[in-house]
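Worksheet for the structure shown next.
Naming follows writing order (A, B, C and D), and every chain is counted from residue 1.
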Amino acid sequence: MGLARYVLRRLLLLVPVVIGATLLIFLMLHLAPGDPARLILGQRRASEETIRNIRQIFHLNEPLWKQYLLWLWDALHGDLGRSFTFRRPVTEMIVERYPITLQLALSGWLISMAVGIPAGIVSAVKQYTKVDYVTTIVALSGVSMPVFWQGIMLILLFSYFLGWFPSSGFAVDGTVFDRLHHLTLPAIALGTSITALTVRLTRSAMLDVLNQDYIRTARSKGVSEREIITGHALQNAFLPILTVLGMQLGLLLAGSVLTETVFGIGGLGRLLIRAVHKFDYPTVQGLTLVIVTVMVFMNLLVDVLYTFINPKIRYD
Amino acid sequence: MAQQTQPVESADTDDESALGGVLSGRHRRILSSLARHRGGLVGAATLVAVVFVAVAAPVIAPYDPLEQFVGPALAGPSTAHLLGTDMYGRDVLSRIVFGARNTLLLALIAVGISSVLGTIIGAAAGFYGGWIDEALMRGMDVVFAFPSLILAIVMMATFGINMYNAAFAVAVVFTPQFARVIRSNALSLREEEFIKAARTSGGTRRYILFKHVIPNGISELIVQTTINLASAILIMSGLNFLGLGIQPPKPSWGYMLANGRSYLLQAPWISTFPGVAIMIVVLAANIFGDGLRDALDPRNTERVR
Amino acid sequence: MTVTDRERDRDREAAEDALVSVRGLEKYYESNQGLVDRLLGNVRRVKAVDGVSFDIPAGQTMGLVGESGCGKTTLGETLLKLHDATAGEIYYDGRPITDLSDGQFRPMREQMQMIFQDPHSNLDSRMVIGDIITEPMNVLDVGDRADREARAKELLDQVGLDRSYYDRYPHEFSGGQRQRVGIARALSVDPDFVVCDEPVSALDVSVQAQILELLDDLQDEYGLTYLFISHDLSVVRYICDRLAVMYLGKIVEIGESEDVFENPQHPYTRALLSAVPDPDPAVDRDRIFLEGAPPSPENPPEGCRFQTRCPEKIGPVCEEAPPEFYDIEDGHHSACYLHDEAVDESRSEADDE
Amino acid sequence: MHEMGEYDRRACLRAIGAAGAVGVTGIAGVSGNGGATNDAARATQDGSQLSYALQESIVAMDFALAYDFTTNKVTNNVWDTLVTYTYDDPPELTNWLASNVETEGDTSYVYELRDATFHNGEPVTAGDVKASFERIRNPDVASPLSWALENVQEGDDGIEVVDERTVRFNLAEQSAVWRYMPGFVGIGPASAMDEHGVDFGRNPGTTVGSGPFAVESWSQGNQIELVRHDDYWNDDLPMADGITFSIVPEGSSRVTGLSTGEHDVVGNLPPQQWQQVSNMGNARIDRGTTFLEYKLSMQNQREPWQSDKQLRQALAYATNWDQIIENVYFGTAVRQQGPLPQNMRWHNDELDLYGHDPERAQELYDQSGGIDRPIEFIATQGTQARVAVIVQEQWRDALGVEVNVNQMPYEQLLPRIENGEYDIQYDGWGSDYPDPDGQLYSQYNSEFWPPNNNESWYENGEVDDLLEQARTTTDEAEREELYKRIQEIVHDDVPAIWGVLVEQGFGVNESLSFPEVTPMWYWQDVGARVGPQ
């Protein structure tokens, strides 16, 4: 099976997964107790007519299967419906907010890479020494802290006591510096939560390479340790590092939800939480569709890159 | 051409017979290498200590965790209240000690359900293959396509917010991970000759599944369980933080942490210490899981720390 | 009476005589059976066993040799219904068993057992030896608990192991010992027919002989019928009454063991035999080397399967249709156009020119 | 507001000039501004841009969807209403965009507009007023405020454009409360509402209003930037050049922001942090008691509540509100004196209140049928749950009554309330207008059972009749008498245990003036009246 065929196959396999995921979310939301029309209007008094109108506007009087198919059909055309709470097209809100979450996730990921890869390499090179040990423990401590708790502690220390960074918010149309300034604490909190994975995978990938015969040969020929690490080992450790990306994506997305909540960043994560709390079905459905699609496509991309870089892997 | 036969006739009995014949060779090897893995031991010891604290909570805790105003409200750490008091004047230390119970219990329930579900699904998929595999694993793919916290959030909103639903949500979210591990294990076992032998003996699929396939996946299961235990505690504390938490007045660390948040500036101890407790347990479970993983990895048997 | 009628009569007769009879057995595998793969046409068919027929008379040993991947293990496993046959028929003691359901076939498992190849994977490392040996009896509900234990201990004796091993775990034993446990397990339900799938190939040469001897002794004692699968001709010669040579899912030559060894007819058999080290180094034999690896069973060559590597390939005839079996002598057949007089004549004519 | 802040883009750009200096200057700015003890006067420097921290994102920049404490904080600054309230306690109704209000007969109200312009330069006309009110009534808009127009005659004649500056509302029946209703409806230009239809005010860039501030930019969930409306009819307002609203969900982060000078005004402060703010040195809490009352509502259509007044009274006496005020509200609430908030007119001062009296409680409990099962208390996480936990303990101590606190999120609480599936819950209600009708009609009228707001499922035919009478007569003296009588009956029936009136507090930078926090604060343009002292 060629690469193109492999990609096509994987893409087709994604279809039932994505549809299944949307169906799952749809059913879960619609089986929950409570009348959406009332939830839309809140607890205050509303005339019967208003409630009828709401049902009409949001297709709530259609049978469930029809609601789902209508939604799916519209979603295929890029229309994810209108938010119950904000009464705005969900697609529009997602388009508006995704850059914020993307910037947060990306900076968190970069921090994890910037810290985790060197730490992993050092850990591997100094295998079974104190350095290795301490690195592992520190990295694991990062992943063991609830990300939101870490965020709170960072705010307490760096905003409240030291005043170095803003306590919350995101400079949407600020300068690059503004944005970095706002992003620093959230990105640290988010990055720390995934760094252990980076360290672990870099370490074991490096170890695999360092134990290869040709590295031993190079060593015995007197090639310097630095050249071995940068010249041989690092290049070969690239593949496993790529896999981390795939594994970290879900963690990054989940972490973003918590980080955005702690730091008051109006990204997709906080939109989701608010939508869940307000039972804003269209928004929850739209967001989960987007999140699931991103997840499966990123995983596919990682797999394809992986096979592309490493032709030894078979396509099945 | 006929290939050259490899002489493999050699007894592979392990040197260490201290553990006796109760455990198979593989498990003995794992245990003994774990015993030499210092980090794994520290992790295990910490977990045992926490379990002890949870079990002996009534003896250890200086106060009733539910009783209000055993001390002044929002009082900082002192000799009377080592970790201070919360907004109702309840003793934070006592609540943390009792909180270990709920925290561990819920995490165990979550991981227990998911490991049982995941094992059955994964073993059935891997062992039966064909359309059963296809159907089960596509279903698992659907669940797996969600970031776990996000699916748990939506589930909590749907099924109602109480601690058992939180555990159930986490269980569902973890099931695919178990199913995948067990399935790949079952797939490789399917080709093992002792499975074929059981089939020529007339063993039904179900017999083989429960008698051979699942028991032989136990070690992988244990590692996965340990690591997921850590994640379960984190996810549940995340749910608490997002307001999808546990019912009061039963203390759990996640709830204490989330609840103390509003008092952060004047009484940071209410949130800080439960956070530290979570971190210690999760860290211990992670280190222990790492140790187990190393021990299970045949490449590592010779070079354990 | 047409040829086919006559053949069918002969088949039936033979099938009645033989304990195990196989007629036109086929086993195809399909990979990637998911919906998406069907849509994409990604399904691959592997013809592991492709039209195999033979008989094994009661009390005899039938050898089945061929390179690894030629389908011999699949054939053995299909006989014991570890796989469902794609086509063809298997008779056991004259009774067709191919279409039996798992449940219907279950009682027959008492009569048909198997000994496996890999001493490291043939025993469940989580069970004690006693449980392993009694497993078939437990599953098939033979005797009561005490009977089973007594039977297992007796078998331990018979396969040359100590009775005290009953409560011990497999990892405490050597490969040869484990193989003996596997034999004891197969014999626990007192079968008549045993498929031995390379039972000694993973063992030291010295241990191989002991195990073969054990198998031989047990055959005498219990009147067993063996299908003995091996890639090692020297092993097979020692133990087999009849021999079938398999190449890419098809039997290319079959006959009395001695006939095949002394008078190999198929070019593939000759090549295999030439590779066997002769016990008498004084005899100088020309070794025949086969070029290349066997083609993939997914995509076997047209005509004779062996034509791509055959040192005696005749010409286009070999590529057109698979050759029939040609009788060499009584009970000795070979599937090669070399034996077709018409082809042979035309070839010698061509040579003469 | 900031002399040079990372939060004020324009000021920052002005200050640094060259792009190359971004890093250095920025960092200098941070260390200069940061820290809990920085100079509090910073916010007053040029009186320009206020920074205002909200708890959550606003629903929409649409007056038709603005019906919550957060959204109105913003929209009240963007849209003016025909009438509004004075910044007094108690607040009085006063003309605003309308320069004069007349009644014609029993059911017609005529409003004359003052000379005002919209943000787009168009004049405010009677046609715009009609379009704005019709927007509230438009079923496609599905406004949560539509109830305010229930009494306006249906069809095109309900709201009449008399001339360019005059609009007449024709009511279906005489009403004592109609006069308050125009206080909720913002006036926007008909042209913009026609152009954007349903999406008016829901997407950034579709908003035009008549208020003291115009929308400069709006990034939903993050930031809203308002700028002064230069053509605003009232020369005194607004006091600042602009407001930047940011959304800061964490209470402690809002306090932190106030202390570092990141924010000038902070709303929705958790009560436990008021003290904190007062101690910071650079900020203060401006507070006021509201109409927002909280009570323990018993489900009166359920047994034993329905038929056992003594039981309800016993529980009322067993409840110690002082403890709740101290430990849940940290002193930021006052005990409510009976069914009507005492800061509302016609409060009946002669009622014998249910104070904390365990002995009296026990006595009544012994006379009652008692309760032989645990009481189910449904509550959301946070304040409700905290109250529930304290009440649980108080009732157990006083009467040995067991309470199960069943905590759930709001969206699960809602269906439980609608179906009456609870024994007791802690609910809040604040009148939208300074009149007993706003407080009593919706809470004790048996036609207003959930999903409306009679959450104690109270039913008393006499009270129903009296409430209707008091609403439809305009004779003030008669109304006063009616409401005092209603309070008496309801108080005796004790369908709910009245608890507290909460205070509203804003954290405000010490250097700024802030308007009086009145019970009507959520319908007032609070932002426009914040400025240098």
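Following the convention adopted for this analysis, a residue touches a chain if its C-beta (ideal position, glycine included) is under 8 Å from a C-beta of that chain, and two chains touch if they have at least 3 such contacts.
Everything numeric in this text was worked out from a predicted model, so none of it was measured.
**Q** Counting contact pairs per chain pair, which pair wins?
**A** Greatest count of contact pairs is found between chains A-D.
**Q** Whose C-alpha centre lies nearest the centre of all protein C-alpha atoms?
**A** The most central chain here turns out to be A.
**Q** If you average the CA atoms of chain A and of chain C, how many Å lie between those two points?
**A** Result: the chain centres lie 54 Å from each other.
**Q** Whole-Å distance, chain B centre to chain D centre, using C-alpha means?
**A** Computed from C-alpha means, the inter-chain centre distance equals 46 Å.
**Q** Averaged over CA atoms, how far is the centre of chain A from the centre of chain B? Could you give it in whole Å?
**A** 23
**Q** Could you put a whole-Å number on the gap between the CA centroids of chain A and chain D?
**A** Each chain reduced to its C-alpha mean, chain A and chain D end up 37 Å apart.
**Q** Hey, what residues on chain D touch two or more of the other chains?
**A** Counting only residues that touch two or more other chains, chain D contributes 250, 252, 256, 409, 411-412.
**Q** Could you list the positions in chain A whose residues touch two or more of the other chains?
**A** 152, 156, 160, 261, 277, 279
**Q** Could you list which residues of chain C touch at least two other chains?
**A** 34
**Q** Enumerate the contact residues on chain D facing chain B in the complex.
**A** For chain D paired with chain B, touching residues are 250-252, 255-256, 270, 272-273, 275-276, 327, 381-382, 385-386, 388-390, 392-393, 405-409, 411-412.
**Q** Which residues, counting only chain A, touch chain D once they are in their complex?
**A** 33-35, 38-47, 49-50, 52-54, 56-57, 85-88, 92-93, 96-97, 100, 152, 155-156, 159-178, 181, 261-267, 270-271, 274, 277-279
**Q** In the complex formed with chain A, which residues of chain D make contact?
**A** Residue list for chain D touching chain A: 6-7, 9, 12-13, 22-23, 26, 30-31, 33-36, 38, 56-57, 59-60, 62, 65, 67-68, 139-140, 142-144, 146-147, 150, 198-199, 202-203, 217, 219-223, 246-250, 252-253, 256-257, 259-260, 262, 409-412, 414-415, 417-418, 442, 448, 451-453.
**Q** Spell out the residues on chain B that touch chain A in their complex, using ranges where they run on.
**A** 39, 138-139, 141-143, 145-150, 153-155, 157-159, 230, 234, 237-238, 241-243, 254, 257, 261, 264-265, 268, 271-272, 275, 278-280, 282-283, 286-287, 290, 303, 305
**Q** So in the complex, which bits of chain B are touching chain D?
**A** Against chain D, chain B makes touches at 68, 73, 87-88, 157, 160-162, 243-245, 247-249, 261-266.
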